[in-house]
Amino acid sequence: MISALAILLISSLLAVPLRSLIGPRAGLLLALAPAGLFYRTFKSLPEISTGAVFLEKTPWISSLGVDLSFRLDGLSLLFLLLIYGIGALVLIYSVGYLKDDPLQGRFFGLVLFFLIAMAGLVAAENLILLFIFWELTSVASYFLISHYHTDAMARRSALRALLITGCGGLALLAGLILIGMRCGTFSLTEVLLQRENLVGDPRYLLILLLVLAGAFTKSAQFPFHFWLPGAMAAPAPVSALLHSATMVKAGVFLLARLFPALGGTPEWHTIVTGFGAITMLIGAVIAFAQTDLKRLLAYSTVSSLGTLTMLTGLGTVEAHKAMVVFLIVHAAYKAALFLVSGSVDHAVHTRDVRRLGGLLREMPLSATAAIISGLSMCGFPPMLGFLGKELMYEAKLQAPQIAGLVLSAGVASNILIVATATAAGLRPYLRTKLDDNIHGHEVSWTMWFGPLLLATLSIIWGSMPHLLQESVIRPAIEAVRGEPLKIKLALWHGINPVLVLSVLTLILGAAVFMVIKILRRFREWLGALVKGWNGDRTFDLLFDGTLGAARYLTRLSQHGYLRGYVAVMIAFTGMALLWAVWKVEAWHFAFQSPDLFLSAPPALIILILLMCGSAIFAAVAKSRLAVLSGFGVVGFGIALLFSWHGAPDLALTQFFVETILLILMLLVIGHLPRFQEGRGMRLRDLMLSVGVGLLFAIVTLHSFWVHTNDSISSFYLENAPVAKGNNVVNVILVDFRALDTMGEIIVLAVAALGASAVLRGSPGRSETGAGRRYQLSFKKVISQRKPGFKETLS
Amino acid sequence: MEIWTVLLIGVLFGVSFYFLLSRNLVRVLLGLLLFGQGVNLLIFTSAGLTTGHAPILDGSGNTPQPVADPLPQALILTAIVIGLGMIGFSLALFRKAREQAGAVDLDQLKED
Amino acid sequence: MNSIPLSIISRLLFPLQLTLSIILLFRGHNLPGGGFIGGLLAASAFALVGFANGSARMKTFLLFAPSVWIGTGMLLALLAGLMPVLMGEAFFKGLWHYGIIPTIVAGDVKPGTPMLFDIGVYLLVVGIASHLVLLFESKGGD
Amino acid sequence: MSNLLAFPIVIPFFCAALNILVKNGIFRRVLAVVGTAATLAVSIALLTAVEASGVVVLNAGGWAAPFGIVLVADRLTALMVAISACVGFCSAIFSLGDVGSAANRAGFYTFFHILLGGVYGAFLSGDLFNIFVWFEVMLVSSFVLISSGGSKAQIGGGMKYVTLNFISSGLFLTGIGLLYGKAGTLNLADLALKLASPADRETMLPAAMLIFTAFGIKAGLFPLYSWLPASYHNPLPTVSAVFAGLLTKVGVYALIRIFTLVFPLEGTRMADLLLILSLLTMLFGVFGAATQMDARRILSFHIISQIGYMTAGLAMGGLGGLLSSIFYTIHHIAVKTNLFFVAGILEHTSGSGVIGRIGGYWKTRPLFSFLFIVPAFSLAGLPPLSGFWAKLLVLKSALSLGFAVTAVIALFVGVYTLFSMIKIWNEAFLKAPPTGDHPTRRIPLVFFIPVMLLATLTLFFSLIPQGLLSFAEAAAAQLINPTEYINAVLFLSR
């Protein structure tokens, strides 16, 4: 498996150089990679069909329990064949489709990159590895949807799809981690054996919901379905490959994959079947109301994904059989239809089904492919679609619970799908030309080759279902069920309820189509109605809502007023200290010893009171000189205090520093006319300051009483002679703790040099070279107005 | 005697916060200066106040008793000098701000 | 402030202040003083010259640009830390050496890396203080 | 004893001193690259030394701990120094194109070197007051770098930066003072020993809270982060890249160091407090980012948001929590620096950092676009990039320790992170430029090299993360059981 991924990776990297070297035909060469892999996978069919499982394991990140381990069984094989096969066809198709696109090389590369992700996803044996590939498919999808990158709509849709699947992916990740923690391993094989353990987990429902969130978002289940039609902004081959045949089925794949471990419980049945059925119905209704060929197909895909999910949820052998067969059926006809719709768009330049007509004559080969696929979609015998529908009805008839409900939903949506298929797959080609302004022409062989091949396969497999039965379908079902089975597929089962239902569906579908043709206004009304069902507006609203809240909160917290920031910090400090003071009950210490108050020389008391008074005076003083003299008293007073308490070095330094600072202050702020008081004099400031100041005082007091250890200072006193000095403070500064002093002088140097840099030069800006450009641009940046709310999203 | 110093510490912190909360850039700067001095005094006090001798040996190997703790002195000395650097730089910045904005009103420097 | 008496006084004071600052520097290890305080005193001597006679005169008195003082001071301080490393001792370990420099000021001056470090501090502080004075003096007139 | 520890500090300061003395512009540029390369080499040597012996200690001045200042490198330190040296080296290269000759003349590189030296010092120091000194060294040089552009916005941002960080320093110093007053020592290992009993630690709560607040400001925790978005988008791109990579992370590192060694958080109410603050930090950061339109401002807010992840790991504790914290930090440094480089290149080539006004890079500059994708998607936590492993680690420890809210918020924030990265991508890269002219100006090699180097580093952490994971796990183990650290500092080094 690693070799397969490596081959794809290499071809992906080669895409751009190859395209620029040999032109669009590079795509044909690159298609050889998935085609070859298809062949290789195909060759291993016989072995897999005997029930063999290939495991391959390369250690990667052992401490996280993530290995590069892969598992090839019936289910992954089926998906691999789909991925490689349709991948190769899509590459060939893109040769013609994007012939003139300068980004065609990158497109090829991205498609191949997507193939890596998808192949890795279905083959991964390690849950985390699976998740990695899961997210990579979303990423690839994002890039492919935004291929027409200058189109704002495409960018928006791509973002929306990425966010939806990304959200689901994160939920899935949490679910997978929970599974891994419960099972003690991320190995899929081992997890699948621990059903009892997982289902018995009190968090089972949580795990299930998380996993389903991932699966549902990926497979565009209601209510997350809306991203898929949006993804139609992508080029048609992308829609065919990612958004109908492979990636969107990853959710279904995941459900099928984890069925042996998580499935079969009542919760599973209810939720999975329920959401599947709703999606199936809603998708069909909306699809029916569409007029754009691609959107129409997209919503019918949503409906089909709902069907697949529902079948997986039902959980019976019949249901799984139907699921596997319908998976193949759907991949074949839907990919073909998408590709042809791309061709039509390419040739005719419109996708409006109301205007299209007479295309069979103008583009016969593409039209043939579309018609066959349309018939398959309707469920006409002997197409593969007929088989799929038969099995579906059979499964629903035998559904354990709520069979009637599921069945009627199924029939109803199938009727609508028939009508839709007629509109999309048959009418544009078969009916006469309506609009003379529309001219079609047959497209190049690269573009009809794929759809025609798929259509042919629909017929061949439909009429000879045993071709697939043993080699692909049975192993796949066995892999889902985890047990050996016997199955029988046949086109003709005799006349039974299922056949009756099938025929009824076809007739009613055709009838609906006819009636609607007449009741054109009903269709328009329906179209207008279902527009509201489109979740993307709700999503945008939700998203804009959170963005609005975010904006509000950001404005609130990041308002740009320094004093507000300072207030928050002081208040936070105050709260932190308050909590600490309360915890250590600091106030007890404050009044423990009365001699704290008494034993002070009067001179000291007077000095301190003088300093307090000066500080407060400075706070209320209005003139510059008054404030500065207040500060002077405090500063020199501190120097005196230092000297009083046996710190002559400190006193000297404080004295010098205070002098310098006062001089500097006088120099720098000397040119101010007056202090503007602003709105500073507010009670809030006062209370905050007094309160937090008090807390600092309490904390200091508290510190006197809890000396837990003697200071290390005696060492310095004893060892100063060793360091050949008598002034212990100085010895500490230049010897014991020289590194501190080193830092200190560097601070000084930087401050001084920086002051001149700020005032004179400008290290942050320059006049020549690159810096000049920057400077110019910089002005633009700051003169920017604030971005509007709308701009943020687009 | 400590209580008096503690009183002073409380006042210094309180007043410095009051200054810092101002809209006027000059007052903010003065607040920083005062804040630094309050912190220095707090370290000095918290490490224990003595009325003892300076931690200077007399050369004969005897340490005069009682002696002030030399380590906090060294720390504060470093802190004072660092504070000088910071305030000095802030003053330069302040000056540039005044040249740029033409005022000491912080609201005129508000950008976000 | 360009008065004649101040100019004369400042020039008279200059050598005195400088000597005093150097004494403060060298005795710092034993008595209050040291590189920082000494440096500040020396700088104030230069500053006084500057105030009294203008910054041009101050620059000539300084001999080198303040940045040279700063850089050299920083280098010396680093060197004091690095010398023991070259000798295979711990970074910033005090190395003492008698004999290379004759003991001029009797026992009070102890040649060694801590002394070298303190000289670095002294030079740096002189550089910084003069740098700032020159800076604010030149920009102060507006 | 190993003098190796001194060199990450000495080399930058030595370069700075030479920068002051020698005015030649070319010499200064060469010196920047050579000096940072030398530091990088030393840091790698340090990494191997630590790998071999666990904890490397240097008693500066030859005085044994706790009396002298001790430089210590355990695994975490060595890792932080090494990644910072990478950032330093890359920034030096980037600066060659970014820093003009006038800035060079004004002494840009002096401050650049000193900033780096301060960062290394703060990482390496094992002494509380010495850490304060390095913080100040770091801060004063960052003050200069952030505010010396001279524009009004820069001065305004610089003023906020200076004031708020000064307050932080003061609180830190107060905490140190209180701690010294009670415990009588400044050495971290010694403090850990002297405060070994929870009752003793409890009496130190005021000091602990002050230090917590101070580091919270430096790290950019909610609600103390306001200085960061106010100032980070203004200076030269090189400067904001270095800041984004290193400065807040020094705060995070200090938080991790102090609150595992001296005040272990495990089981205290402070852990709860830190966790709540971390979650709010994540949310407010990402909210801020979602509302911005300037590339560097978006990125600045993301720094905050991701600091939340790092501290959440610390708050949750345990081996898993600390491991996630460490891994996240390392990954983040490489990625965030790189993104700021990219933002700088956008500004250089398009003339604006406002993403609405530029565009078209995907069309004309595919390689550069790809180089943006690597760090951007890594930041958003998309697999298999390093950010995914980091997020996985956080999630794993949150879920296994029962912090469901943490997990939910971490996931939610992940979506919004992705959104803002895509916003930049959509606007600046995919969209056609509003002015019509595509950015065709060649992107100089000196811009490409550092971006490429860091992207390679990120890819290395992404695709072969086992080495880093093992190292980080061992580092976390050292933090949880600090005996090895304490013994190495206090007893073995004598």
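Think of it as A, B, C and D in the order they're written, each chain with its own count starting at 1.
Please note the rule applied: contacts are C-beta pairs under 8 Å (C-beta built on N, C-alpha and C of every residue); 3 or more make two chains touch, one makes a residue touch a chain.
Keep in mind it's a predicted model, so treat the numbers as computed, not measured.
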| item | value |
| --- | --- |
| Interface with more contacting C-beta pairs, comparing B-D to A-D | A-D |
| Averaged-CA centre spacing for the pair chain D and chain B, given as whole angstrom | 28 |
| Where chain B and chain C are represented by their mean Cα positions, the distance between them in whole Å | 25 |
| For chain C paired with chain D, centre-to-centre distance based on mean C-alpha positions, whole Å | 37 |
| Interface hub residues of chain B, defined as touching at least two other chains | 20, 28, 38, 42, 44, 46-48, 54, 56, 59, 71, 75, 77-78, 81-82, 85-86, 88-89, 92-96, 106, 109-112 |
| Per-residue multi-chain contacts in chain D, two or more chains | 13, 16, 20, 60-61, 129, 133, 136, 140, 143-144, 147, 150-153, 159, 163, 167, 174, 178, 180-182, 186, 229-230 |
| Two or more partner chains touched - positions in chain A | 558, 560, 562, 566, 570, 648-649, 653, 660, 664, 668, 696, 700, 703-704, 707, 711-713, 716, 726-727, 733, 735-756, 758-760, 782 |
| Pairwise touch network: line, ring, star, complete, or other | complete |
| Residues on chain B engaged by chain C in the complex (per definition of touch) | 54, 56, 59, 77, 81, 88, 92, 95 |
| Interface residues, chain C side, partner chain A - complex | 28-37, 40-41, 66-67, 70, 73-74, 77-78, 80-81, 92, 94, 96, 110, 112, 114-115, 117-118, 120-121, 124-125, 127-129, 131-132, 135-136, 139-140, 142 |
| Chain A - residues contacting chain C, complex | 648-649, 652-653, 656, 660, 664, 667-668, 671, 723-727, 730-731, 733-735, 738-739, 741-742, 745-746, 748-749, 751-753, 755-756, 759-760 |
| Touch list for chain B against partner chain A, complex | 1-15, 17-24, 26-30, 33-34, 37-38, 40-42, 44-59, 61, 63, 67-71, 73-78, 80-89, 91-96, 103-107, 109-112 |
| Chain B - residues contacting chain D, complex | 20, 25, 28, 32, 35-36, 38-39, 42-44, 46-48, 71-72, 75, 78-79, 82, 85-86, 89-90, 93-94, 96-97, 100-101, 106, 109-112 |
